[in-house]
Amino acid sequence: MVMEYNFILAHYNYWAVMLLMAVGFYVVVSRGNLIKKIVGLNMFQVSVFMLYISIGKVTDGTAPILTGKTEVFSNPLPHVLILTAIVVGVATTAIGLALAVRIHESYGTIEEDEILVIDRTLEQQDARAQ
Amino acid sequence: MIEGLTPELALGLTLLLPGLGALVIGVADRFPNIRETASLLIATALCGTVVWLLMNYLAGATAQLRVVQMLPGLPISFFVEPIGLIFALVASALWIVITVYSIGYMRSKNYPHQTRFYICFALAMASTMGIAFAGNMITLFLFYEMLTLSTYPLVLHHETDAAKRGARIYISVLLTTSILFFLPAIVWTWWIAGTLDFTPGGILTGKIEGPQAAILFALYLFGAGKAALMPFHFWLPAAMVAPTPVSAFLHAVAVVKAGVFTVLKVGIYIFGVGFLSETHASEWMIWVAAVSLIIASFVALRKDELKARLAYSTIAQLAYVTLGVSLASVMGMVGGVLQLVAHALGKITLFMCAGAIYVASGKRNISEMRGLGRLMPFTFGAFLLAALSIIGIPPSGGAWSKWFLMIGAADSGQQVMIGVWMLSSVLSVAYLIPVVARGFFLPLQGEKDRPQPQGQEVSTISQLRVREAPLWCVVPACITGVLSVLIYFVGPAIAEFVLPVLGP
Amino acid sequence: MRHHIILRIAAQLLIPPILLFALYVQFHGDFGPGGGFQAGVIFAAGLVLYGLVYGVAEIHRVAPTHVAMKMMAIGLLIYIGVGFAGLGLGGKYLDYNVLLHDPMAGQHLGIFLVELGVGITVASTMLVIYQCFSEHQSRDLADDEW
Amino acid sequence: MMLAHLPVLEVLVPLAAAPLCALLRRPLLAWGVVMASTTFALGGSLVLLFQVLSNGVISYHIGDWAPPWGIEFRLDAANSFVLVLVSLVGTMCAIYGRKSVEREISPEAQPLFCTLLLLCFAGMLGVTSTGDAFNLFVFLEISSLSTYVLVAMGASRDKRALTAAFTYLLVGTIGATFYVIGLGLVYALTGTLNMADMALRITDIGDSSTLRVGFAFIIIGFGLKLAIFPLHQWLPNAYTYAPSMVSAFLAGTATKVAVYASLRFLYTVFSPNLHFDAQVLQTLFLPLGLAAIFVASGVAIFQSNIKRLLAYSSVAQVGYILVGVSFANITGLTATFLHLFNHAIMKSGLLLAVGCVVYRTGSCSISTFRGLGHRMPWTMAAFVIGGLSMIGIPATVGFISKWYLVLGALERGWWPVAFAMVAGSLLALIYFGRIVEAAYLQPSPEGNKVTEAPLSMLAPLWVLTISCLALGINSEFTVSSARAAANALFFDPHPGLSMQVGP
């Protein structure tokens, strides 16, 4: 029992990541508002950033600069990777928001169910044009 | 011999000439006379080339041609062998006849899109030549599909709703069977045998056995949907919407013959007669073919439209070939080859006659053809000759094929089949002869039905304005009609010719 | 925003240090934490703050979108150009050692230029994103809506 | 000098050309840059392929940092083949694009369109050439992000492009993020990002639950990107409403690159020797592939928008590719690579033909195809050939693919699968039959003055169509390259570290 408790505690970063990931994913799937979807997507992505950053941390580790005093180094690579991933995330968010704005302009709404109704009427118009 | 013409070159020419023809016809779109002269010239040249190849072959010079590697280890290749030569000869000779006939028919009917018609005809002929001289299964398959595609516009020619429906059935059945059964069969063969070259004695010996061989054989037979084995026969009646020259061409020369030719090739060069009879791989197909044969004959009996009746007759007659191959005996195969020749001549005549009757009188149904024979004696005479050949009464071409098939059946111990043939012969008498009999012996339609105006003697004949069909239509029919009888005298020679490749 | 004197003054005080800090992060990047990405974002944040406080029209005047878009491309071209320079001087792509006669100096120059390119691109991209979105606003917000 | 740096120039020239386009004002100049750089990429990829086929693996170390620390561009037969595919389709679409895009996008936006196109193109080339797993993610996102915008640019014709792009963005980002999660787990376990190095360490580690979870995330991530059957919902709309030229470009390349990437992971990083890897192939890819073939083809039959029809057909074709992968034998893998290539040629050709119709008529519903057989004979002839190829008629590339797929199924003894595949291709007969009948048999509407598409659009269309025929009649080049690609993945999971084994 104690073992399991320790196991759970020792992996707290993974639990946090999983929780965030699940929440973010759930928001993307369940919310009809496009902006909320993007927020969810961001949470989802951030959870992954956390995963990388947390596994890059080494207890008592320092920055990998050779000074001759320390022997334990944290791995800088995950942080660098995540820097790139953050940039990608920002770009994604920007495009997503831009699309949401354009959708709002042409559909007059950013609620998914209302957009679907409009799309369906458009499809029926197409079918009638045949 | 012609200077500079090697057998290889001639072999290439047989494939290129029709293609060239299509090109010339396309260019001469605006000039019907040039277009049709070109068609005729190309057809004649093609037939000449095939005859030249035949003479060379008889003199001992074979030819082989490898073009490109379609798949690694599987080139597109051609070679000259007896059965292919016979098929090519029949097809190219009949192409001349059918071209002459088409010119008469199409002009008298004044159909649109005649250029497209002749182009597709030439392309179909090129595909037929490719099938005839294919050196391996993949080449045959390639041209088999080309034939399907190039004849699709022909079936569709009228572009009416009925034509669309017919063409749709035509192409979907042929493509479906070929892709669903034929292609897997070929891949399977390639996988187990490592080759697809047509080899006398077959390539499968020792590579496959038992029920698997039977399944593979069935895949080939059903896959060659052009052979119209039941239950994949219904494209044939559906394709009847095409103009008569097309029907004649499809049913007698190119398409169905390509189907049964494929079946023959599979039986002889892929499985091999010996292998087939050892494994009994083809035994159950005998029954499929026999059932197909009998049912088709009965259906033919019930059809009133002449072309539909002929179509079902074709299904029955093609089943003869399938049956002959399935018997897995040398004589059965010989019978199949002879049937291919005899039926081609006979059926083309019957169709041309049907077309001639339609051109002259506008009648399609047999019940309306009473007495027409007396007005169109040549047409009905040719019809009678061809009918005799189809039925198999000596001395006509069909007699030999039936004879060899029966010997084949006896050889492989399938005496029941002899009974089947007798039954089917009786049936074919029943569905073919009444047409002629009505034509010659019953009074003209209208002689009795029409209330005669009192005190006036009006000739119903002049009323109907029925005369013999145009010369362009009748002469080809008469020629092939006579040929279908004369073929009787070369039957044994053909048998001699093909025997060497059938194995011991 | 004209009446929000506190905000305006605070912004006036804040913006120059923000921009300066961005430059520090940019050019100190190869010695300490920092680099083009961070510097670019900080620099853009300063400009965005300016735009927020002084209005959309003003930020367009100070940093026109079309210029910013050019800068995006130019920054990227600097980055790729450094890589090609390495190629041209006989090294591999993005090989800084060959940029100058001394490999150490080459490394410095290479990373400096690359980070500069990144910084320019990131800053101008963030700015363009802000400008594009703010353009879509139909009216300026009234004071009491803040 | 040039030749030694070709692996990286291949990606960098389009990548450098992209910002250059953004600086240009004139659409014509921008298109010139696009054409020049794609053509360069095509030539370069061919050179690379021949180099790889004759000399073996090429490895390029960026910044002269040796792998596994530095980023490595590693070209073996598998990815250089995919490079040829992507750059061929890209070049043809670029040549075609100038006229086509002129109609659909305003002149001011065209240089930016070119920028995005080149970014997308370079991203795909990068995904294909890189040997570094994280670099792959970056390139994947470069191409995906630009793809979302390219799709959204169809909004000038139809606003549904916006929602299509949005859905695509959500799905694509989730897919990419899944990949990053999986990669993070594998990285945590192996401590390396170089794929070849990763493969070695995974072999040492053997089975572990972290590895399994990472594997699952990676495969599902790519599954979203390549529109594996139940995850394909984003694809039809994205292809339908994107500008014609973008549809053609994406159909030929986007899913293909994702398939390549997942193959790289299935075979190189995780080798099928791992128990769970082989299991995925059979229990996941096979049924999903077959389901895709039948469901997507079935849906395609009922579409009246031709672009949407072709999009569903693409989903079905991905099904074929997955079935080929699931055979897990060398023939199946050869078939997969062949079909990647062949499908790219024919589907891009078909969509380019549809693009010609859209250019002239402004619509791509089946009713606008009425009578086009006589009005746009060249376009429709190319369309018919493409359709025949999709059905699998011999003398087209579709037949070659089908041949190897059936052969692969037979080698596994999977009879029903072989039949299911050929039966599935018959569904294509139905939906292409409908279009062909409309084009050739129905009269064109009254007063229809549609004429043939301009030459600059017909030329690339016919290049693809003729290669569809030529490579169908003589398949030596494609089959030998595909076989080399399959060998590279199948027998040589750790290229450069083990001896080359071949049949």
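All chains are identified by letter, namely A, B, C and D, in their written order; residue positions are counted from 1 within each chain.
By our rule, a contact is a pair of C-beta atoms (placed from the backbone, for glycine too) under 8 Å apart; a residue touches a chain by one contact, two chains touch by 3 or more.
Remember, predicted model here, so these are calculated numbers, not experimental data.
Chain pair with the larger contact count among B-D and A-C is B-D, by C-beta pairs in contact. For the pair chain B and chain D, the distance between mean C-alpha positions equals 45 Å. Work out the mean CA point of chain A and of chain B, and you get 68 Å between them. Chain A and chain C have Cα centroids separated by 25 Å.
Centre-to-centre spacing of chain B and chain C amounts to 80 Å, using the average Cα coordinate of each chain.
Contact annotation for chain pairs lists A-C, A-D, B-D, C-D, with touch applied as defined. Within the complex, the chain B residues that touch chain D are 68-72, 76, 138, 141-142, 145-146, 149, 156, 159, 164, 168, 171-172, 175-176, 179-180, 183-184, 187-188, 190-191.
In the complex of the two chains, the chain D residues touching chain B come out as 388, 391-395, 400, 402-403, 406-407, 410-411, 418-419, 422-423, 425-426, 429-430, 433, 437, 441, 472-476, 479-480.
The touching residues of chain C, when paired with chain D in their complex, are 69-70, 72-74, 76-77, 80-81, 83-84, 86-87, 91-97. Of all the residues in chain D, the ones that touch chain A in their complex are 134, 137-138, 141, 145, 148-149, 152, 155, 158-160, 162-163, 165-166, 169-170, 173-174, 176-177, 180-181, 184, 187-188, 191, 193, 304-305, 365-367.
Of all the residues in chain C, the ones that touch chain A in their complex are 37, 122, 129, 132-133, 136.
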